[in-house]
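Here's the structure, in structure tokens; my notes come after.
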Amino acid sequence: MRLALIALLPLLGAMLPPLASRAGRDAVTAVAALVTLTALALLATSAPAVLRGEIVQDGTAWVPQLGLSFSFFLDGLGLFFAALILVIGLLVIVYARSYLGRDEPVGRFFAYLLLFQGAMLGIVISDNVLLLVVFWELTSLSSFLLIGWWHQAPEGRQGARMALVVTGGGGLLLMAGMLLLGHAAGSYELSEILLRGDVVRASPLYLPILLLVLGGAFTKSAQVPFHFWLPHAMAAPTPVSTYLHSATMVKAGVFLLARLWPVLAGTEAWFLIVTATGLVTMLVGAWIALFKTDLKAILAYSTVSHLGLMTMLLGFGTPIAAVACVFHVLNHATFKAALFMGAGIVDHETGTRDIRRLGGLAGLMPITATLTLIAAAAMAGVPLFNGFLSKEMMLEAAWHTRYADLAWPVPLLATLAALLSVAYSARYAIGVFLGRPRAALAHHPHDPPAGMWLPVAVLLVPVLLIGVAPALFAGDVVALAGQATIGTAALPGYHLALWHGVTPALIMSVAAFAGAALLYAGLGPLTRLHARLDRPDAKAAFDAVVAAVVRACRTTTRRLHTESLPRYLAIITGVVVLVGAAGFFGGTHAAGGRATLPVSLPAVVAFVLLATTSLAVPAVHGMRLLTLVLVSVVGLVVSLAFLQFSAPDLALTQITVEVVATILLLLALNLLPKRTPSETGTARTAGAAPTVRMLRDGAIAGAAGLGVAALAYAVMTRDFTPISDYHLAQSKPGGGGTNVVNVILVDFRGFDTFGEIIVLSIAALAIVALLDNALRGAAARRLDTLKRAVEAADPHPTVLVVVARALLPLALTVGIYIFFRGHNLPGGGFIAGLVVAIALMMQYMAAGFDWTAARRRFDAHALIGAGVLVAGLTGLGALAFGRPFLTSSYGYFHVPLIGEIELATAMLFDTGVFLAVVGTVVLSLARISLVERRAERGPPSRSAAVPGPDRATASRPAAAAAPVGREA
Amino acid sequence: MRSRVLPHPILSVVVAVVWVALANDLSAASLVFGIVLGIGVPLFTACYWPERPIVKRPLVMLEYAAVVAWDIVVSNIEVARLILFRRGSTLRSLFVTVPLELTTPEAVTVLTGTITMTPGTVSADLSADGRSVLVHCLDAGDPDAVVRQIKTRYERRLKEIFE
Amino acid sequence: MTGMIEAACMVAVVAISVAALLNLYRLAVGPDVLDRILALDTLVVNAIALIVVIGVWYGTAIYFEAALLFAMVGFLTTVAFCKYLLRGNVIE
Amino acid sequence: MTPPLPSPATAAIVLPIVLPALTAAVMVLAFRHRRAVQRILSVGAAAALLAVAIGLYAVARDGDVAPYYLGHWPAPFGIVLVLDRLSATMLVLTAALGLAVAIHSLGGWDARGRHFHPLLQFQLMGLNGAFLTGDVFNLFVFFEGMLIASYGLMLHGGGPRRLTAGLSYVAINLTGSTLFLFAVGLIYAVTGTLNMADLAARVATVAPGDEALLRTGALLLLVVFGLKAALVPLHWWLPGAYGAAAGPVAALFMIMTKVGAYSILRVYVLVFGADAGAVAGLAAPYVLPAALATLVVGAAGVLASRTLAALACFAVVWSMGSLLVAFGLFDHAGVAAGLYYLVHSTVAGAALFLLVDVLSPLRGRAADRIVPTPPLPSAALFSGLFFVAAIAVAGLPPLSGFLGKLLVLDATGAAPGAAIVWTVLLGTSLVVILGFARAGSTVFWKTRPAPAAAAGPAAAARPRGGPVAVCAALLAATAALALFAGPVTAELDATARQVFDTAAYRRAVLPPQAAAAAPGAAAAEATP
Amino acid sequence: MALASEILVTVLILVGTFFLFVGSLGLAKLPDLMRRLHAPTKATTLGIGALLIASMLWFDLVHDALSFHEVLIALFLFMTAPVSAHVIAKAHILRDAPTRATLPPAQTSGWATLEPHPADPRER
Amino acid sequence: MELLVAASIGILTAVGVWLLLRLHSFPVIVGTIFLSYAVNLFLFAMGRLAIDQPPIVDPAVTAYTDPLPQALVLTAIVISFGMTALIVVLALRAFLETGTDRVDGGRDEPPTVADRAGERL
């Protein structure tokens, strides 16, 4: 696990700095540095093997189904990059200690930095390409946090978001590319894939893979046209810029191209795309850098340019160019990190990064000036500094490169880029440190503490050493990393040296310097000219694109999600009709052969009744009470239809449910508007024009009705063999009852019924919960102001009260009768429950809520709970005998006087049903009427005066009321 | 008789009879169960029927029932004639007030029910104090005769039964 | 089932059907909602009659409870509608 | 003809339904005014349910499909519950989520209305019933149980917004329930049976003249399940309902959409799957395109959101798109990937909803709107939690969402039209990432100075430890899901394999002669 | 004997049918609500009553067993039909001003639909 | 007979769907009621129609109608009753809370004079 630990240490170690933050910033810095050092030490232990030319591998399985494993491998390239990441990371940590303000949460900062470091290490040492993607996206995420460090500023937030979107989006492309790559190569392990370049290049997936991988690499490495995010990431604190945008994150793209070079490079497509992208990026970055005024922006665009250079080199596809790239990665990392740190020092000391406000700082801060000038010279490619050497190699490679069968474009443009590079480097160095000092700086600038400049100095050591003696100080590293990059190809002959004689590269280099001198001289007018040019602003473009996408999303979402129920339902029912039609017409159909029943007169009349009343409803639905009367007629006809077609149980249920539903709807209607306003008058807010809507709704409704009717007719006119022959046969012997429907309900499919009574119970609970707070807040105020209609003076007509009283015991008797006969004849717990509930509701209706509630012998809640419990426990009873839930049992018992009676556990179950039904109906209706009462009597203060009256006695002589008084 | 066990003796009988009728069976089992219910159901519903009507002369009830049954037959023939052979607008329909001597709500209710069931009359409302019934006559040449008939044929008997 | 009674049942069914159509007429014409409620009430009575006649015709008592329930609870729909018109609140 | 009696292990199959149902009944019966007792019962029952579910998973892991013949009636005549790896997985997920929600609600939500805990338990019952049943009509019943409890829970707490959204939610789902009955009726009318295993046997031999009717029934049923799964263009109810619901309720609802997805998988693999003859492979042409549209609409909604709740809601829509893209392949790899995504999206989405729920009260009048506020108390904690939740939901590494997405991509890679699927998946992923980045940076980064007077309420609202801990635990679960993705995907891989072994399902549920008569069974026996 | 019974049953069915029909006819034919109210509440009671008796007789005849549960339908109808008529009439009185104008005075107080009970505390 | 039943189911469905698409909660509720009539009849019809063959086992009878759809319809009736009760109360509650019974997000004109006068129709 040693190798894995290199990446995991910083990731896990990220937790330490926040924990240490109590101990002060030095301790935090020490912890972060220690974590980095430990990782570096771990890396060092693996280094000897790598230097011997071995490949160190390590890892464990993660998601074998996916080919994603937690596997790492370390070769020259990985070691090179890992070392770079850790060493520069260490320097950045030291630098950041002094850079960050006193009141900033350093612990969190270092946590993010270590997270990023771990992710970056993961990229360079991953063996598994999918694991590489994991780390790749982790760098996007951790850089998001780092770039947004100063999130109070809009630039911080926007820069972070932009970086996340561009690099994270690239990561998504890479994810797809790596999946395809693994698929094409037959393995997700890089160590395998690198050996199967031929297979991959020959695969039909090659081009998609290439494009997707390049999408990932180019976004990360800020290649044109994805270059715009990098300068805006400069909103980050300078240590972050140093680390992410010079040495590491942006190099991840280059690393990826180098890593996959043996697999993907060498084809025409690769050459054309990668070279061109690199070349254009190199030029564009340099050109923009020339005119930027913010120090970090200049450095950022120069970075873009240098990344283009590296990309172009890899694009050439020759081993020597690849080696040159590796060399330039090393050189660029050192001088660019130094430059960023230097810019941070200037910013820190002067309070500005605007090159126009800076100048002549050499005298004030000599150390910083010296260091920066050295680094800038390296960037410009001045001999004796390392940048010169790799630039020479680049020019040399460019000289030999023909693009589109032309010899001149690449060398010419490369030289031009070098020229621009010299020019902006000069402008940077001269503009800040030389020339005359400017006034109006906030405070007197001076060299920073050693903690800040020492890391810069350390970085410049390799700049100088390599610049002077490249073979000695960088030869092995470049050879090692270069060989690893080009894979099995032979390392080309090259010679790292300051002097190669007068080569084309040297001439191009000289030309660049000369041209740069001219350019620098003419920079003033050129800058003015440039300022006047209408140049494309990438950030504005990006922002515009994002804004357009957001706007499009908002518009689409708002237009789609109008929160209009009719629209939603129109779409849904429309879909239902279409899918149903597609289903029907997608299959074969033949007319059925079942004989139809002869039509009878009552059936025709019933149909006429149903059709007339139903079809009248759309016309008169504005009058709501009338609608309910019509609905009652429909319900009546439906009950009769059940009866006609041999379903007495259904008829009984329908008859009783109708009554309860009517009462319920009338209760609600009393508080709702009494009429539905005409929809033609409401067109303004309803979207489509009323006529269009009516037509649309009519079409959907007509199609649905026609479809359903056709389906029903098709079914009824064909035969089938249902499973219910078994139920008919087993009802008596197996279930102990002759009413097969009831035996199905309480036995064969008792579980349905168990669920069904729970549904009812939940409905009651939900109604209680809904109405529980109806007597507070806006609802209560509305209730209080509800307009009362003209109403009868007697709420409880005597005739009604007396008949209801007389009916109650009779109805209960009927309920009990229906309950007991249900197992053998039409009836059962549900219908019985409804009958009893109706009888009780009749009392409420006749005698009033208070009067009846005061005499209530039971709590409806408890009835519901008890009902479910009885049914459930009856079902569980079977478990005691080792039988499954709801296994029923019945027996015949002889009772003296009465004779043989049948007792079945199913009846106990039915008792649960009965209780739940009574409880549900009574509870629901009672709760609604409670709300109604508020509307009737107004707020509690007024209603306090109302006694619990016995309305039956209100209209009878006072003497007769006396017994009630005694009773109460 | 009016004990805790049998709060409404007549009701108990009615319940038992209803049970036997429901069962459509005169067996011992249904009779026994009917008696059980006759005791149980009134006990459960007693609280909803606090004023226990006293039926003083049950036999008069039979007489009353016979009178009403006869009147219903007559009423039906009469009303059928009116419906079939008279134009609706020529019917001399009107409301009459029937002053009541009955006081118990049960008796009043039986009377209003009877009025509605018998010749050409519908009881449309009671007075707020319960001392008058508003009766609608379908075709009444002599409103006083209607009032008289109600009072003599029905109210008198009901008074005997209930009060 | 003898022909005589069957014929009577047929007559009854036809008459009840026509009666139901007459109820529908009142339901359609109104004019007041109370007329329609009354029509509904009458329709229920006709339904009870139909069930009884059908029971006689088929010689079965299996549909009896339906008629019983109509007779026992059917009026509650009428009462509920009227209570609504009288007082607004059906249960108060 | 009598079916075998349950073994001690399989006797517990009915418990996930009965236990919550009876717990709720006891609460309603005896403790409806005693919230403290209700809380103990609710959390205790949820914990017990989790234990039972884990036990049942262990049973299901043996590899055999375990039927439970309710009432001891033989299939297909009685109702049969069927425990297999798939249903066991869903049970464990439901129970875990239920426990999290029960605990989270103790933070105060359960006190903001009546009957929260009974409704919660009933909802768990409905869910478990839907996952266990092997009967299409019984599935309807449990759908209804689950839905009506969800109506109650959705409306819990009241308020105009919740009521308005609730009305739409209920009306749309009532339409769906009606359609369910039409579809089941049609299927019964052709096949004469309701038992899924028996249906599987009978649809294959449907007469050519009946095929159109059967297809219609099957596709209407697909619309029902699609409605529950929030497949575009049937998803309309989701943003409003989830957005208006209380946090813990929305979190619990994460499993509701999964019931739709589960049912699609179950019915259209077992009944209308490869062996279904003329009606084989019925759903595939519809599910995949709809899932792609779902991805687009969901992602657009995420970016368009103006509140965190809306953000979470559309993220759910989007995640259902990802999930159903995988299920829509109706192959082993797709189902295995989809199952992982299902587990992930349930946990991650729930965490997000719970987080929004704890966060909103701290933001004063801004509540969950995506606008800058004065700095929050414990901003670092919440921004951290949000960051992690966003990573999980948006599918960035290292959490489970990333692996889920990778699995889905991997599974769809070989499918026809893979390029389109990948483009939509990845394109919408980017939009979702952007949406979360915008929302998070506005809510947590873009602070405005606290007006001196208004500092009071926001400062007064302190985060409660319990609910925050539940969020953190769920987020930790997504991390664990990622870390142990190897064993988890191995389990789900075996589950997916069992899903497609429909012959084994039929053998286990139906008596031998009936199962042998079924097509495919012979083939399965020929190649053991 | 059987024939006599059958004739009786037939006659009862026809009589019941006749009154049933007349009830509905009256409902359709009569010109105002109060008059219409008379038709169904009366004619239907005898109509149904005759049918019920026919049913009882018929079952006694066919099954050779006493059938008397039909009595219950009559019982419930007789209890409930007047109530229906009563509440419809009350609602009509409340809603229809011309009808209200034709009402005769009650004995000592107003009609219950229109005037609160003197002792009712709720109506202030 | 089958044609009449099928036509009835079709009419109920069409009216139900049309009402479902209205702008106010009350017609929507009535629409769901119509749809439940329709679906109950439909489900019932799936067992095919039979006259005077109730599924009450009797040794003297040989033909019964299919009892299973009847049991299913019973369950469906009960469930749709519960659902109707809930949505009715919900609509009422939403109206009380928001002051409108529109379900499309719009608002109606203030109640008309007739409405204020307390016309209960």
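We just call them A, B, C, D, E and F in the order they show up, numbering each chain from 1.
The working rule: a residue touches a chain if its C-beta (ideal position, glycine included) is under 8 Å from a C-beta of that chain, and two chains touch if they have at least 3 such contacts.
Each chain and its UniProt protein: A = Monovalent cation/H+ antiporter subunit A; B = Na+/H+ antiporter subunit E; E = Na+/H+ antiporter subunit G; F = Na+/H+ antiporter subunit C.
Note that this is a predicted model, so its numbers are computed, not measured.
Comparing the CA-atom centres of all chains against that of chain A, the greatest distance is found for B. Two chain pairs are in question, A-D and D-F; the one with more C-beta pairs in contact is A-D. Comparing each chain's Cα centroid with the centroid of every protein Cα atom identifies chain D as the most central.
Ranking every chain by how far its Cα centroid lies from the centroid of chain D, the top place goes to B. Each chain gets a centre from the mean of its Cα atoms; for chain C and chain E, those two points are 11 Å apart. Between chain E and chain F, the centres computed from C-alpha atoms are 30 Å apart. Separating the centre of chain A from that of chain F, both taken as means of CA atoms, is a distance of 39 Å. Measuring from the averaged C-alpha position of chain B to that of chain D gives a distance of 62 Å. Shared interface positions of chain E, defined as residues touching 2 or more other chains, are 18, 25, 37, 47, 67, 69, 72, 75-76, 79-83, 86-87, 90-92, 94, 110, 112-113, 115-117.
Residue positions of chain A touching 2 or more other chains: 563, 565, 569, 573, 600, 604, 623, 625-626, 628, 648, 669, 708, 711, 715, 720, 722-724, 727, 748-749, 752, 756, 759, 762-763, 766, 770, 778, 788-795, 797-800, 803, 806-807, 810, 814, 825-826, 928, 955. Contact of a single residue of chain B with at least two other chains is seen at positions 18, 22-24, 112-113, 123, 126, 128-130. Chain contact summary for the complex, chain D toward chain F: residues 137, 141, 144, 148, 151-152, 155, 158-160, 163-164, 166-168, 170-171, 174-175, 177-178, 181-182, 184-186, 188-189, 194. Residue ranges on chain F touching chain D, taken from their complex, read 20, 25, 28, 32, 35-36, 38-40, 42-43, 45-46, 68-69, 72, 75-76, 79-80, 82-83, 86-87, 90-91, 93-94, 97-98, 103. Of all residues in chain C, those touching chain E in their complex are 2, 4-5, 7-9, 11-12, 15-16, 18-20, 22-23, 25-26, 32, 34-35, 37-39, 41-42, 45-46, 48-49, 52-53, 55-56, 59, 61, 64, 67-68, 71-72, 74-75, 78-79, 82-83, 85-86. Those residues of chain F that touch chain C in the shared complex are 52, 54, 56, 120-121.
Contact residues of chain A toward chain B in the complex are 793-794, 797-799, 801-803, 805-806, 808-810, 812-814, 816-817, 843, 847, 852, 855, 857, 897-899, 901, 950, 952-953, 955-957, 959-960, 963-964, 967.
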